[in-house]
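I have placed the structure first, in the form of structure tokens, so that the comments after it can refer back to it.
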Amino acid sequence: MLDIIEMRRDLHQHPELGFTEFRTASKVVETLQSLGYEVIYGHDAIDGPSRRGLPSEALLEAAYERALAYGANPDIVKAMKGGYTGVVGILRGQQPGPTLAFRFDMDALPIMESTDQEHMPQADGFISQFVGNMHACAHDGHTTIGLGVAEALTKLDVHGTIKLIFQPAEEGVRGAYAMVEKGMLDDVDYLYCAHLGCDVPTGQVHGGTRGYLATTKLAVHFHGVASHAGADPEKGRNALLGAATALLNIHALPRFSSGDTRINVGLLEGGTAANIIAEHARMIVETRSESEETNAELEQRVRRIVEHSAGMHELTYEIEVTGAAIPITCDVELVELANAAAREVEGVHTVPDEYAYSTGSEDASYMIRRVQERGGKATYMIIGASNPAPHHHPRFDIEEDSLRIGVEVFSGIAKRMLSDHAVPVSVLPSAKARVED
Amino acid sequence: MLDIIEMRRDLHQHPELGFTEFRTASKVVETLQSLGYEVIYGHDAIDGPSRRGLPSEALLEAAYERALAYGANPDIVKAMKGGYTGVVGILRGQQPGPTLAFRFDMDALPIMESTDQEHMPQADGFISQFVGNMHACAHDGHTTIGLGVAEALTKLDVHGTIKLIFQPAEEGVRGAYAMVEKGMLDDVDYLYCAHLGCDVPTGQVHGGTRGYLATTKLAVHFHGVASHAGADPEKGRNALLGAATALLNIHALPRFSSGDTRINVGLLEGGTAANIIAEHARMIVETRSESEETNAELEQRVRRIVEHSAGMHELTYEIEVTGAAIPITCDVELVELANAAAREVEGVHTVPDEYAYSTGSEDASYMIRRVQERGGKATYMIIGASNPAPHHHPRFDIEEDSLRIGVEVFSGIAKRMLSDHAVPVSVLPSAKARVED
Amino acid sequence: MLDIIEMRRDLHQHPELGFTEFRTASKVVETLQSLGYEVIYGHDAIDGPSRRGLPSEALLEAAYERALAYGANPDIVKAMKGGYTGVVGILRGQQPGPTLAFRFDMDALPIMESTDQEHMPQADGFISQFVGNMHACAHDGHTTIGLGVAEALTKLDVHGTIKLIFQPAEEGVRGAYAMVEKGMLDDVDYLYCAHLGCDVPTGQVHGGTRGYLATTKLAVHFHGVASHAGADPEKGRNALLGAATALLNIHALPRFSSGDTRINVGLLEGGTAANIIAEHARMIVETRSESEETNAELEQRVRRIVEHSAGMHELTYEIEVTGAAIPITCDVELVELANAAAREVEGVHTVPDEYAYSTGSEDASYMIRRVQERGGKATYMIIGASNPAPHHHPRFDIEEDSLRIGVEVFSGIAKRMLSDHAVPVSVLPSAKARVED
Amino acid sequence: MLDIIEMRRDLHQHPELGFTEFRTASKVVETLQSLGYEVIYGHDAIDGPSRRGLPSEALLEAAYERALAYGANPDIVKAMKGGYTGVVGILRGQQPGPTLAFRFDMDALPIMESTDQEHMPQADGFISQFVGNMHACAHDGHTTIGLGVAEALTKLDVHGTIKLIFQPAEEGVRGAYAMVEKGMLDDVDYLYCAHLGCDVPTGQVHGGTRGYLATTKLAVHFHGVASHAGADPEKGRNALLGAATALLNIHALPRFSSGDTRINVGLLEGGTAANIIAEHARMIVETRSESEETNAELEQRVRRIVEHSAGMHELTYEIEVTGAAIPITCDVELVELANAAAREVEGVHTVPDEYAYSTGSEDASYMIRRVQERGGKATYMIIGASNPAPHHHPRFDIEEDSLRIGVEVFSGIAKRMLSDHAVPVSVLPSAKARVED
């Protein structure tokens, strides 16, 4: 039987960045296969061109080699080469019924983990072995819960179908879209996603959330002409003048009466030396908005500013979308069902009726929308997990009892929806019916 | 006989801005006709579309009415209606010979003249009657000299042809080009232009100058969309954001290794009220450069910045050239001849070999280039005139003896070039010969 | 008896801008005195230094003379000279009771009124005689209602005291503060303010409003050093470079997570000519925020940007607050009482429980806060008045039956609060008691 | 006897960046000592605090260890630890006479050397062993010439004193100033500096140069406050907004009528991620001017813009001078003497009277000024050396016969000035006399 504490600590020691989760995904595939799941992964689970913010070839290759060195199964992982690190496990019941999907994310962050003795992973000896990377956002826990749920569901007499979706590259909101575009969500009737922590303590669960903003992340490259700043200043085409103009004007974009927006140029770098007119510059920009429409408008305005900041100084430019997410609307039926399931889990003492609130962004939003567009229902839950330090902090950690709670919440949901005595699901057409439309 | 002091004081009392010199030009025509000159003026002397920085219809009309009220000859001035205020007087000799042209400018400035008792025009009662306008750049003197020369030359047995060119709108470098484009300089073999003052005291004369920069003056208009800054900020298209971006980036244009340049946005105005996103903005820009090529490149860069500052904020824009000049290269033969003539004038005590130096701009440059392009020669002289205050200052004035000196320098030049015993001019083909080529 | 239609039309013909309401205020004083009110006005009603955005001396003087020419009472209006155009009428009851205040604003806008025959003031012959000014925001109606109420209340057996406050310069949120600072609100227990129109049709009344934003209007002046852009560019200190830098950076101020904000540089003008480095520049800026604290922070940030945009280019600067307002919180007790009064007025068919919503700004907010700070209660009502065109539009007008409704709503409120059978007001201490604390 | 080809090739293989010339300087000390020179080096030759643009501790340490590994003399080099890599060799004559100094620079560039077979150092096997560094500006040749001269002078009967000055960190104009401030030039009567190449072919020599611009190189650091761009944008203090504002305004600094200037922000980098308000930013700036005064004014203006761009956004900042140079004025007496000496060297076929012209910058300028300030004379020569590629290019190289020519030019100068039959030097007071003043 799966030891979820051990599993989480193993993953914690081997944190892999988005689209390089070769070892993690290999472990997921192995575990699901060993439990009897039908498993889709690699190119079958991911639409290559839809991946956003893909790392460089060199980084992909290095991470692949490292994964092999640290125990990834060569037969499995070869299908993931080049950044195809999504996995879907399918459990088909004997009885007819709807398709219920659970989604888990697997990637880590480029953060140097704390070596303070007060930091439990250090004290208990399971600190990151991949120095400079860290599971500082609980995705090690998410993946672990996914595998724990996989095991628990094998004991259930499923009426319908279970899909366990393990996605790469949630950080930077990059990976979910490529699994959606591959069709992984097209037959799903009900989708449950969740995050551990998020300022909610262990023992509290929210069956739904609100507030997630639409966002786009853009990488902008300006290309000009270098020249000697003393001898030939007029022969240069100054990429930094273009970038600085863009930066100021992007920040000066108007507030919108249609709802909250955010805008940030988070990084700018260009030029090489005091005496050279800068030939190249690079900017990282993000927009956020309450609505997808406003965010599209904001992104369009950013693009226009980049275009003309470049044109003004005779630069060329490229804009790359490195990440994106949309708002989330949770379906009240699933929220209530999740709350009901959570209330029965041991150790869960607080399940408020109110949705959790966050102004962050989540690319699970694409999965949720795909399901809802096709007539299904979805929600995004918060499963409490007390943290000694905030998310993305070098001393972030999760109280490990939250893992068990997570497994039981998801399992409880499945039981209520797909078991013999499940709540009636006739309110929804079956996935088949919908697909045939 | 013409009293040049009286004439200058009459003109000083009636200062007219560029393209509205209706009364002044009318007096010039009357005087030239009374002296027996063939006179070209109005539409015959000016190419309408080539005028730069033309005042509004309303201003042209008001100045026209004022000129009539203050003694302009209605029969003459009607040909100048709408801003056709150039005059050319022609004196054809009995004997063959080259065509010699002298150029004078007639316009005043929008400056409120000083009423200090120390200011001689005030003390002696000939201060500007057109309040707000002032002859603060000695063009009243220039026009007077032109008429004084006209009279003096009638006593000369001319071998060849004399052309006296009175141009409008030198301020802002706007008027000369329209007379050039009308062909007024096409048959000229030798051209002499001059300025009084320019930090050179009475009694000193320079037969040539150097340093005049090429320049372009541009009026830029940005058009956006107004909206309420509180209720609908995103519905506006902010003309001031475009203009401010243009202003900063125009000033940030690079220095040129090819020679000195200057750049200035001298005026910016836009918007109406605190709570309205600015719909319109207007900028006045000038470029200056040692060479015409560099100036053309600078102007092109300004235009590009305007285009993209507008595009960046979804504005439309127009750019109008309101003035322009090119560098001046004086022909040494004419410089030396002018110096020789000046040295014979009573009251002239200093005639240096060195050219006078100025970093200003002059639209006589277009006349000079047209003459030189067609094989002729030209120069631009400085005739000293002590000033109590700098050019364009409310207490600017000229020592009036400089008027007589000016008349005698020009007359002396004509004598040396076109009289019976003139210096040989065979070095140059006659205008006719050139035109027939 | 007062003919409110005639009164409104008289005021409409004589629209006076903020702090120049000499004729209007004179009429108000005359009327109140004729009705037996004790009247405070001029320096007794206005704290001079607290006036914001005061017009120039010349404008104040010209408007004063015009008022005299158009029927202002010289004995009254002399106390208002220089912009002291506030009036308070007091009616003291025979019986003890609280102090109830109603507030009305009197100023007009610098808008050219439409002469379309479809525009009723034109068709019926009461168009603005002060060309260029217009009552395009219904303050003529507000003042008329105030006088109508004054008359109606004389028939009431008042238990307590009535204060009718007529304020200058609401446009630009400039005048209320100076009456507050003079102490005019210090003894008020209950305050009712109102606006006609605001997209609410005749026959509908809202006893309360929400949404009014805190705002500050700033006039910024930059002073540099002029120099010739060709000869001495480095000797100038360029006011336009400072202003353009400020404009971009002000617009680039961050959005606030604490609530909605707005920012706008609505006007920028500086410089004089192409060839002069700009010596002066002027900007008009406004900030708006959901909370007073955030607005104070935004204003502080604007000031910091101005300070350093100036310092960067060696400019000096001044910042003048030309207007300000704070948010409004209506007291539910007064809202409900106003709604009850409104429901009894003939012609009022709709009185929703919901507050009216506006994202505008109102300087009655200062009066409301002063009353609430001292333990009193206040509200801001909307009295419907159908308009053929939006507020501040050249064809703005009000359906005149709204005037009668307005008079009756206010009178009904007074009746309910101060008459013999008034609702108990013991919930509030009397003003006296409060002042003695 | 010293093989100068071998010496140059050894230095070429071991290129060391500014202030890390440990191996190079060690070789110089060893050679000078072996020739009998009195040698000053380490802390005795360099004023620590006057060094500009010092590398990091880590880099200094790593370069020191590398030097030891590659043959630096441990006993010598320990005195240079931490970047004290200047050397002065002194040869005192038996006879009285003036002090004559020659200056040579030793540092290399951070350029990856070409491995093309056409590149002679590659073909002949003496390519850089310190990969990423390269002698691409001929300083390996300069140092070699210095040592060749050292050997040659030992055969001379010196009347007076010879000082051979080997300076670190000429690239970035950083090192000379620290030797000047240590007083190394204070007793020098005559100073000759030189550069190989500079577009002058082998066989041509210029005894003087003109055109070198004053320059300052600045590193600017902005420090703000990071915050989450979605959750708390207003809590950040955006270092990139400050830096972009500075960049635009620095480029917008005015042209100077007092002479040519240049300005460049050659590098800007700041921020870390799309969703974080940038906490830090760094800029590299340079100014250049024909005169030291104008350059000081330009630097002052850059500093002011940085100060206020920081203040505007509540940032702190530091500005570090990482390099500086001043203009060079060559003394005609030394130029002529150098030309005379050059004309006698075999292989020198062209010695024009005109000075060589360059718009670069040189920190030998500080040495030259110190000598001239104290009554001495100085010049900066160009010794031709044909190059297959421009300076600072990966395929830069020098024709090696220029080394012999260099040695003979310097030796010839010494012979003419300090030998028995030297030209009279009585025109100058001796260094001693001057110091006693």
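All chains are identified by letter, namely A, B, C and D, in their written order; residue positions are counted from 1 within each chain.
The rule is simple: a contact is a pair of C-beta atoms (placed from the backbone, for glycine too) under 8 Å apart; a residue touches a chain by one contact, two chains touch by 3 or more.
This one's a predicted model, so the numbers in the text were calculated from it and none came from an experiment.
Trainee: Identify the chain pair with more contacting C-beta pairs: A-C or A-B.
Mentor: When the contacts at A-C and A-B are counted, A-B has more.
Trainee: Test of understanding: which option in A-B, B-C or A-D shares over half of the contact pairs of C-D, residue numbers taken as the match?
Mentor: More than half of the contact pairs of C-D reappear in A-B.
Trainee: Approximately how many whole Å separate the CA-defined centres of chain A and chain C?
Mentor: Roughly 52 Å separates the two chain centres.
Trainee: Rounded to the nearest whole Å, what is the centre-to-centre distance of chain A and chain B, using the mean of the C-alpha atoms as each centre?
Mentor: That gives a centre separation of 69 Å.
Trainee: Going by the touch rule set out above, which residues of chain D reach two or more other chains?
Mentor: Only 231, 233, 238, 241, 245, 248-249, 251-252, 254-255, 257, 262-263, 277, 359 qualify.
Trainee: Where on chain C is chain A touching in the complex?
Mentor: The contact residues of chain C facing chain A are 248-249, 251-252, 254-255, 257, 260-263, 359.
Trainee: What residues on chain C touch chain B, complex-wise?
Mentor: Touch list, chain C to chain B: 172, 213, 215, 217, 229-231, 233, 238, 240-241, 243-245, 247-248, 251, 262-278, 281, 284-286, 288, 322-323, 359-361.
Trainee: Can you list the chain A residues touching chain B in their complex?
Mentor: 231-236, 238, 241, 245, 248-249, 252, 254-258, 277, 297, 304-305, 307-309, 311-314
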